[in-house]
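Going in written order, the chains are labelled A, B and C, and every chain counts its residues from 1.
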Amino acid sequence: MSDKITRRDFLKIAGAGAAVSAVLTGCGPMSRYIVRRPYTEMPEYNQTGLNTYYASTCRECAAGCGIIVRTKEGRAITIEGNPQHPLNRGRLCARGITAQQGLYNPDRVIGPIFQARGAAGRQAKTTWDETIPLVSDALKSPADQVAFLMGTAPDHLYDLVNELTTAIGAPAPLRYSALASFEGRTTLQEAANRTFGKPALPYFDLANAEVVFSFGANFLETWLSPVSYSAAYGDMRQARPTRRGYLVAFEPRQSLTGGNADEWIPIKPGSEGLVALALARLVAEARGEAPSAAARSVDPTAVAEAAGIEPAKLAELARLFASSEHSLAIPGGGAIGQHQGLAIAQAILQLNVVVNNLGMIGGVFLTTSEQPATTLTEVSNLVQKMNNSQVKVLFIHGTNPVFELPKVLGFAEALAKVPLVISFATFPDETAMFSDYILPDHSPLESFGYQRLLAAADRPVYSSIQPVVAPLYDTRATADVLLAAAAAAGKPLPYTDEVDFVQQKIVPLISAGGFYSAPEIQTFWSRWLQYGGWWVTEQGLDADISAASGSIAAFNDPAALEEDKQFYLVVYPTQLGDGAGANRPWLQEMPDPMTTLTWNTWVEINPETADKLGIHDDDVVRVTTPFGAVEASVYRYPAIRPDTIAIPFGQGHTALGRWAEGRGANPAALLPAAVNEAGDLAFSDVTASIALTGKRRPLARVENRGGVYGEH
Amino acid sequence: MAAETKLFGKLKTAEQEHEDPKEQLMFDPRPREELNRMVMEMMTTTTKKFWLWAIGLGVGVVVLLFGAWGYMISTGMWVTGLRRPIFWGVFIVTFVFWIGISHAGTFVSAILRVFKAEFRRPFTRAAELMTTFGLAAGALYPLIHLGRVWVFYFMIPYPNARWLWVNFRSPLVWDLLAITTYLLSSTIYLYLPLVPDLAMARDRTTGIRHSAYKILALGWRGTEAEWFRLRKAIQIFAFAIIPVMFSVHTIVAWDFAVSQVAGWHSTIFGPYFIIGAILSGVSAVVTILYILRSTLKHMDYFLRPEHFDALGKLILVFSMAWAYFFFNDYLLGWYGGEAAVRQILTLHATGPAAWVWYLMLICNMAVPWLTLWNRKIRRTPWLMFIITLTINVGMFAERYTIVPLTLGHQRTPFDWGVYTPQPVEISIVLGTFCLFTFLYLITSRLIPMVPVWEVQEGQVAHTLRKIGKAEVPTVTELD
Amino acid sequence: MAEVSIAEKWGLVVDQDRCTGCNACVVACSMENNVPFTGEDNVAFGRGTYWIYNKRMWEGEYPRVAPAFQPVMCQQCGSAPCEPVCPTFAAVHSEEEQINLQVYIRCIGTRYCANNCPYHARQFNFQDPDIPEPMNSYLNPDVTVRSKGVMEKCTFCVQRIVGGRQTASAEDRPLRDGEVTPACVAACPSGALVFGDLSDPNSRVSQMAQNERQYKLMDELGTKPKVTYLKGGGRNGG
């Protein structure tokens, strides 16, 4: 196999090579069953030199953007946003654009594998015929000893597994992703429940807002649905002829959102709730209304000083927020991933109540209510059960807990106590390496399915998933595996296969008032695939919101630090998402927007602090928290509080293929297993210390240090 | 103050010392046959050391130059230190350096010939050889630095079935034409005065050498008509090659000057480069003469301190002229006030590679200015060897400052870069030094290194005549 | 080059007030145009190949510090510095699209064009792309995979322009405004990039290029870029 592709090779592949290749589909991928036929029999939908486009859904994060994949000669070439899709309207972020690098990744699991636990090299290929009975036996284990752990996307597989667990009487599947933790999804929903009395993820109408206060929500890069929020951000800035929206970001480390904000207020981590309350008080007073009891209890000047803001600045911002017609406050990520995160989120949401933008243009709405992810508390309970040997069979799909969960939680150790671990991973990731069987699912671009519930969609949407290429390898849809195994286990579900399941599930949509309909399912199905899903034409948000009487717990002052010895630690996700993006070479090569760094992990530290500690660029430092330590090179980052350091999440893989392995460090080792009141990971009120290791490892930066910082 | 007076005192005594005209080659004639014998011996004497050097350099050429180049061709330019935004590095630096060296021969030989500077006679050949071999080494670089050297012929204008033509607006095409013209004309210019010497060698050798010289001497018999035509041809070429020489380095300068690059687009680059080339070329001649003098048999008869003295004066003058152009370039660039240019000029002196800039100033100005005013130093060959070597290091640093250091700090600071030559590049650069030396070494045993007929001619023309009580040196106009 | 009057004159507008600096354009461009990833060492060395990349400079001092994002791609100069210096006409001006093209097969790798580009938009292939099978399957057959030793740069996705023109001509109609979008424009999540025909005064791109916030990169060099930037930021930035 030639690792390099020359132009001549490429022409061969593009032209004559395709004709003799037999791995490509001989049948339209949208057809129900995939048949392999030689490419000499050219199917009518696919002519050499002509593009064929397929609408599907991006599975790189849980946002669920609609995509259009351009294929040529049976190969997925480029991915763009689906212009009709109500979530992303034709736009797409870097993660979605590089999805082919997952599909065509040379490190994929190419067939079912049995392996002696954890030991590389002792793998053995197996066959689906051997493994289906195995899965079926596993399903026959005592019901309460079967556990499913899945990714956070609310997709068809989740629905199917839900039905399956109900049928066999097992506990409902758990869904975990580090990204959901960093986003604070559960906390956000619980805060909305307490503030508005409805357990639903709030929808923030950023596009029509005029003054936006973001508390740690990096909605331009990773938070909830970065593409749709980026689009809204653009509109907030420039779509109105009269007024340019104004964005203020309160966060200790300037994220991409903070960088784009008109004002970045580097407040002390842990002071967000107090600042929100102080703002609520000032805003209410400026509007001539009576502040709430909680707001009255804080003294704005004292809060400003504790948070590191000039009191005058706080007052000015409050006046700005109070005077604007469409003000909006967004709680996110770093601010609410703290011990008091739920109360902080409530306090921030309360700001919206004060300016009364609930259900108004440029304000807060509510989306459909459903639990967006499993809380860390439930995951911890599972780990507990595993440790107590109460779990006999663990199925893992779409998540990589060994990598993503805080190391201190001890998932990897607990995994060793589970007699049978079956992973459905597409890639040999860390968790898959710890499994007994890897029964690879298709890559998302080879699969059928749907995704409901898009966190930032302004209407009910079902986004459809369909194969754009025939499966490259001997992989099998996990839904099919589970259906077959359930049938073999004597607990058949009423579906013949995955496609049948999806079709039955969408039958109710035919008459649900979407933008198209059909007399029967087959016609509906073809349109469903063609449009990339189903949605309604009108905005369909829950505007019927009112403030509930949820009281806010009192806040503690931010943790005190020993100066220049202890630092607030910010761990933030990047374009690599929950770490699954680390094996996409172009995501690795893409410069991090704020630092222009690539291919590695770095520690951001304020240059002033670094000077005091004698730390230079590219020095390797050891960052230690009570929970663990990692080593990484230093990047002197001018936009971070002097008492704060930050580490990006997503690198430090010990598996996952050639582009991810052995690169950088995994800050999951630094995180606590503590949770906030809503059960979400409290990751952002950790203090860390740093120490020079004496090593140097230059970071791959696109910027020139001499030119940008004047240092050589 | 005392020290200064003392120095002057020394100088005065040196000047006042009566110089015996016999110290000068022209007034120390030897019989014709004796000179011929000396030159033939010079050409045919080889020592063990010579062969060791020849083999060493030959291996150097094969390994350092062609080996490294072949490796670079097969794996790609990533083995170089080039990076955005510095797309030209030490290859172009060395290219300009060799083209500069090649100015020596023409300058020393043609200009001194035209101006009838008599001290030129014994070393015109040595200088002309430098031109040809310097060009041979330099002309490799436009090929070496290509990303796809295997299609270098795309640059040559020739009718082809693809209807493709070259872009005559590109300075690189001008370069190609100028360098080929210069290479051809300087080779002819080397060959013309060589013919009588080849005939002399033909008459004194046997066997294969005899046959080779017979062909190369073109049947030279030494008739009056032949001498007349040869003199005429040399005269014409000497005049004609001077503008070619000036144009070549001007065009090399235009590679930079016509671009949009801040710090390059300077109108003074043409003459600036020429002066720099002559400075480095004449210096290189001195360097080579010292080596020839100390390694070739009988060479110390032909090359005497007077020659080093005369060339030393030239070098001093050109060093000052170079300094004038250098400051002109900087002063006007600074006065022009373009932010990017100012930044570059500042960064040359303060940036990460400022030592190169200071090295240039020290080697090109401080060293010659502090030493070459002294006649004693000028007349001490080994000192001159060191000084001229230093000047060429300085000139290399000058080109290095102009090429990668200027490219590294252009208008967008985000894209700045620092260039460090990588082993393969250094190897290739050393390889061309090997190539030059190797060619020179081999050729020194193949052709008469001293234009013996010119020396004889000069010795005949120079006489000491008694006027009253004094003996006065006189020269007879030959042409 | 002589001024040629041609119907099409493609142009791009970059609204820096909308641009978030997210770099989706960088990746979209690379996937569309077969731009090879080069690996950590090469990026560290300054050889990462990006046809478009964000030049992020810091403005101000802590705590009033903010990144100034400026996505820079080939500016498709009307009077391009890269064109006259190429000895082999590998950097040429396309008469039809009025953009700068790079003819890879004609390029011999003198890299003069790259030195002469004040925007540093040109990239050099220091080595052959290293894309292990089967990852080469996603390479776009409409775009050449460049071998080592040639220059490359943004083409305004000329393959899409030509494709769009062919579709329009097959349907016997003029090209619609917004019908052709380069990969970066199609991806841009915040809608900061707008592409279209500048010769049509009613096109969206023409209208936006008239905006009072508009400026051109290094206008003083007289390169006549076809990319217009709209200033961003500031309390009342437009």
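Worth a mention:
Everything below uses one rule, namely that contacts are C-beta pairs under 8 Å (C-beta built on N, C-alpha and C of every residue); 3 or more make two chains touch, one makes a residue touch a chain.
Bear in mind the structure is a predicted one, so any value in this text is a computation, not a measurement.
Comparing the centres of all chains, each the average of its CA atoms, the largest separation from chain A belongs to B.
Core chain by CA centroid proximity to the global CA centroid: C.
For the pair chain B and chain C, the distance between mean C-alpha positions equals 45 Å. Our note on geometry: chain A versus chain B, Cα centroid distance of 66 Å, whole angstroms.
Taking each chain's centre as the mean of its C-alpha atoms, chain A lies 30 Å from chain C.
Contact with two or more other chains is made by residues 412-415, 417 of chain B. Looking at chain C, residues 46, 55-57, 128, 147 sit in touch with two or more other chains.
Within chain A, residues 703-704, 708 each touch two or more of the remaining chains. Those residues of chain A lying in contact with chain C across their complex are 1-7, 9-10, 13-14, 72-73, 75-81, 88, 90-94, 97-98, 100-101, 103-106, 220-221, 226-227, 230-231, 233-235, 237-238, 244, 246, 254, 256-257, 259-262, 264-266, 472, 575, 585-591, 593-594, 596, 598-600, 606, 608, 638-639, 642, 663, 698-704, 708-709. Chain contact summary for the complex, chain B toward chain A: residues 351-352, 409, 412-418. For chain B in complex with chain C, the touching residues are 75-78, 80, 82-85, 87-88, 145-149, 151-152, 154-155, 164-167, 169-173, 176, 255, 258-261, 407, 410-415, 417. For chain C in complex with chain A, the residues that touch the partner chain are 15, 17-18, 20-24, 26-28, 30-32, 37-41, 43-44, 46, 48, 50, 53-58, 61-67, 69, 128-141, 144-147, 183, 186-192, 232-238.
The touching residues of chain C, counted against chain B in their complex, run 42, 45-47, 55-57, 72, 81, 84-89, 106-112, 114-120, 123-128, 147-151, 218, 221, 223.
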